[in-house]
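Working notes, beginning with the structure itself.
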């Protein structure tokens, strides 16, 4: 069977691949959205932190023999802790200022991180093996699905929906949302907002690192792995609008799918399709799909 | 010693309080005391520093110095979120309703800092408007509804020392009247209240004492008994 | 010309099933100071938002000077001469007082997009700007940077800036909110002064201000008009007393 | 405070005059290509600053204008054989047109959104430039002849080229200076201070921002087109988002919202880059990052801003 | 006769960017080795100095730096110049200022075709040699059906076009191709298309991180080893970073491999001691080119550009890098190239033991023949 001249098996497999990429977009844009939500900062260092997450896993494996599963926990913790330190020492000083300073600071940090890793590990990147448990793949009939990719989707979606649940359905989440709007008053109501902010940043960063570890066995672990990805994720965030957590998750997944389809029907445009969609969405809904104007 | 059984008779004692926003020095040594169950007002012209006094009790100003004793304990060095644990509740001038939370979520948000916080039912009985709009997003409420919500929110926490900044602002007379009744009731329940008000007609019958501020200093203290005799002076200084 | 500068017919606004403004027929007579009062949540601000196009009505129409303006863009309505003030003070804080007023006047020159022209070309407006400042007693502050002014004066400046547009009609939403009594008196005088030759529609909870200023009052409850008439009449209406004042003596509601 | 402000206002023409004279004699003291590079990036940063410093819009996609104008100018001069001034004008117009497109899409949002939208749009331009055959892809647009100005003056002479660049810079700078001090600039300032109020006074805010954006884009394009002639090439780095970041750094380092800051910032960064290239090798990015962080944390007024503050404090005392 | 009695060599390379592993700091080390070896061997009457700079892959920085070097610092030759955009820019400056330009890192063929000039030498390799070598050898060895994964920009497209022609010329068949954006990180969609095509060989018409990611994901999706990959532009540093597990059995063409013979092993060991990595062909070529240049100056006793160029072109090149090399009039240095197949992890005996050399491609066949040249200097 063919659809627009493309065998349906190929189409099915592309949709699945799109979903896998969408999972990465979702985790990354979720982290960005959370940080933006509470700190009002666009975390330009998100891509670098994603890269560092992957590197920590790689270093842990090659230098200390720490396996994938431990790294999946450890790396977000370590990078999250780095995030906590950054927030305490630097970002904290910027909250009273125009938001653009946060963007500029994290941009500078991204340059530093990428530069340091580049200096230390060179540019070519390192290989991280697929964990033994997830080796191989299953034949779905229409495609060969590497088990690891399946795991990525499951892990990413679990984390995304878990996060969504915490933020939308728990008291902690209500503090977060309220703190986003008026930290002073939330403080006056007796909630330790500075701590909340610190941990939110740490958590957002940890999400980036988590995505990094997930990515390590798929992509080469290289110092620049995050720097191009992050701009696409920014576009995803613009398309989704910063309005809702669920919005950023769904937009991430959706754009992964659309990108996957573009790669079949018109691969030349697959690099720009996200940006084209962004333009179209902005024309119709300046605040993004889920954003509040 | 103070304890739950022997509460300190003095709920709030402020001594030589100075406050700054960046370079500008706003409060120049405020002194005041409020006993448990009392209601006092801060009067003054626009910009005289009344709101700033409340904010500096909570640590919401740039910098502050002096002494703030709450319930007998020094609190000047405490961060804002700890002040709430001292039993201080604050209704800000600008209401600060959270837009991303519904009316009811706004009410559910504050943690209980002490026993005796009001239940939702009690709140809705007090402010029927809120019951009707309970699922509306916070900022979609009308100005007056937001004002009620801000007041209600603090009553939920169980805070016993209430710092209320212009709570009648933008309210219809019918609600203002209701608020007056509520404050009387709160007093009778042992709440301590510091009121900042422009609406003198509202504040006068409620207060045990009035502090008059000018340029960040207290220029007069007038007790309820003395009030009739000082009305002329108040007229002159405040245009009341 | 009709005696009514502004008319609404069946003006209605629903928010997700909640009717905030329902079937309001409001008529504002030319030259009047007209007050819109009512309990909280009655829909006053929403009516203002509808009139100035910050919100689109669900149904009903708005006529300004006999023209249907229901579907116009906010800027267009503003240029027709219906200008609103904001509840928070709306000045340009880092411009001088004179420059603030000049921003209001500048559109008359038609050079607002001329990036190649010198700023000095605006000096021709200074005379008119000073006149406006004098009319609100701010001439002495002309060169002050606006942030440094006291609250009540900023309010006056805002009104002067609005007057620069020479509006036919001004909409004021709680103009005395947050003011001390002395400033209230000043603003009341100001409103009275500028109301010459123009129409004013205001929302105000301070009934002494309303009593003092307004020619006609519309009382809104739950989105609908409850009563309308001059102060003396409305203030005796038992329904109004019950819904709005909460006692049978209107004087209780004065600040 | 007012006094020192007006003191600045009075000193400004003197200062600008002095700089003009320095600019005239500079190529005899300093390597002209280097100066030309500084002037091109200086103009680029000034154009960027017009938007960020005076309208309050952070565009993170200004490289798109620099680069597009550069490529268009290069193609016009190299492939269509027009004279250099036509190339420059063509490039500038192209950048202006692109600026209009960007503006229409982005102007409705402010703050960080605006930054992200411009960034994403410029990334789109990057991909187009990369994939389009005529641009030479990764090899860049090479071998653009400098040609003869008005068909007469031979620009392959470095000194002649320098004076053209200097003239272009002065024109661009004058336009910016005038824009800031024009009736239009006055409205921009008002919009920046209180946007809802400006709307309520009947100004169509979006149109003002759009015009400012187009102006800024065109001037960035002017810089880019000129730069292509100077180096006789246009390359992908000009449209890459790192370039957008660099111009922010230049402006920030020099002093946001100051008249001369961007030029000073550009001169500093350009010199630093060429110095660092020989000495520290791979640490260039790290050092740039550190400068960014320091600027944001400790040095927000930038070089010129700090100097002004210093003079002001001295003046008050 | 030698300006300032000093020959000053400028190494302009990518010290930290995408190509820093292929060229970068290693080429600086190689240059210094060449200088030291030359001084030890020839005991010249003149001094030899080196300067280096990071062009950050930016053509304007490269051209600015080169101009400054030539004008102000008495640099006699600008060398290395990885990435074609910087190379082309510096070639123009070299021509304008009449200085020698020795290129090792850049890959594109226009350097010795449309853009060629008489002061430039393109020394180590070019895309034609790599693509041609791989495509031809693989097709001849039985890889008859091809599918291309192409980076969607000028360079990738050229690589695909050249290789397709060779495949067809050698009796193979191209079943299709897919263009992927550059740079890309996820290749699964494209690999699935390649898989669906059923081609025996998947030609990777891309470079650097794109290539390595594609190879890695090909293994993941089970594309390899059923189908074989052919890297059209790959270096030993790429294989090193991928690991043999991912790269095994793929074909590539290289101008140099450290483990060819005693000479290459000896030199590479010295290099390894300094750099802690085995040399890439660019780094080895850099050494060879610098030595050739210095020997030419020493032989004629002048650093006059035209004379040096003539001497370099006249003298055959024979060292551990180039067994029978020579520089043609279009500036192309031609020498033997090697078709390599990556070892499996089991076959590898230790670190950096990566290649089986499957064939030697003679110099005259390896590069684009002069008859096809588009360089104006070539008289036909």
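To keep things simple, chains are lettered A, B, C, D and E as they appear, and every chain counts its residues starting from 1.
We take it that contacts are C-beta pairs under 8 Å (C-beta built on N, C-alpha and C of every residue); 3 or more make two chains touch, one makes a residue touch a chain.
All figures in this text were calculated on a predicted structure; none of them were measured in a lab.
**Q** Just to be sure I understand the contacts, which chains border both chain E and chain C?
**A** Per touch definition, common to chain C and chain E: D.
**Q** Go through the assembly and pull out the chains touching chain B as well as chain C.
**A** Per touch definition, common to chain B and chain C: zero chains.
**Q** Contact counts by the stated rule: is the higher one at A-B or A-E?
**A** Spelling it out, more C-beta pairs touch across A-E than across the other pair.
**Q** Based only on mean CA positions, could you tell me how far chain B sits from chain E in angstrom?
**A** 76
**Q** Compute the distance, rounded to whole Å, between the mean C-alpha positions of chain B and chain D.
**A** Going by mean C-alpha positions, chain B sits 52 Å from chain D.
**Q** Quick one: report the Å distance separating chain D from chain E, using the average Cα coordinate of each chain.
**A** 37
**Q** Averaged over CA atoms, how far is the centre of chain A from the centre of chain D? Could you give it in whole Å?
**A** The answer is 32 Å.
**Q** Two or more other chains in contact with one residue: find those residues in chain D.
**A** In chain D, residues 127, 131, 282-285 touch at least two other chains, as defined above.
**Q** Give the residues of chain B that touch two or more other chains, as numbers and ranges in rising order.
**A** Residues of chain B never touch two or more of the other chains.
**Q** Considering chain C alone, which of its residues make contact with at least two other chains?
**A** Answer for chain C, listing residues that touch two or more other chains: there are none.
**Q** Touching pairs of chains, which are they?
**A** A-B, A-D, A-E, B-C, C-D, D-E
**Q** Over in the complex, which chain A residues touch chain D? Could you list them?
**A** Interface residues on chain A, with respect to chain D: 36, 40, 42, 90, 93-94, 97, 99-101, 103-105, 107-116, 118-119, 231, 234-235, 237-238, 242, 268, 271-272, 274-276, 278-279, 282-283, 286-287.
**Q** Looking at the complex, which residues from chain B come into contact with chain C?
**A** Where chain B meets chain C, its residues are 45-47, 93, 129, 133, 136, 140-145, 147-148, 166, 169-178, 198-202, 238-240.
**Q** Of all residues in chain D, which touch chain C in the complex?
**A** Contacts found on chain D: 2, 175, 178-179, 181-187, 189-190, 193-194, 196-204, 207-208, 211, 215.
**Q** Touching residues of chain A toward chain B in the complex: what are they?
**A** Listed in rising order, the residues are 171, 174-175, 177-178, 180-182, 184-194.
**Q** Tell me, which parts of chain C touch chain B in their complex?
**A** 15, 18, 37-46, 87, 150-152, 174, 177-183, 185, 205, 207, 243-247, 252-255
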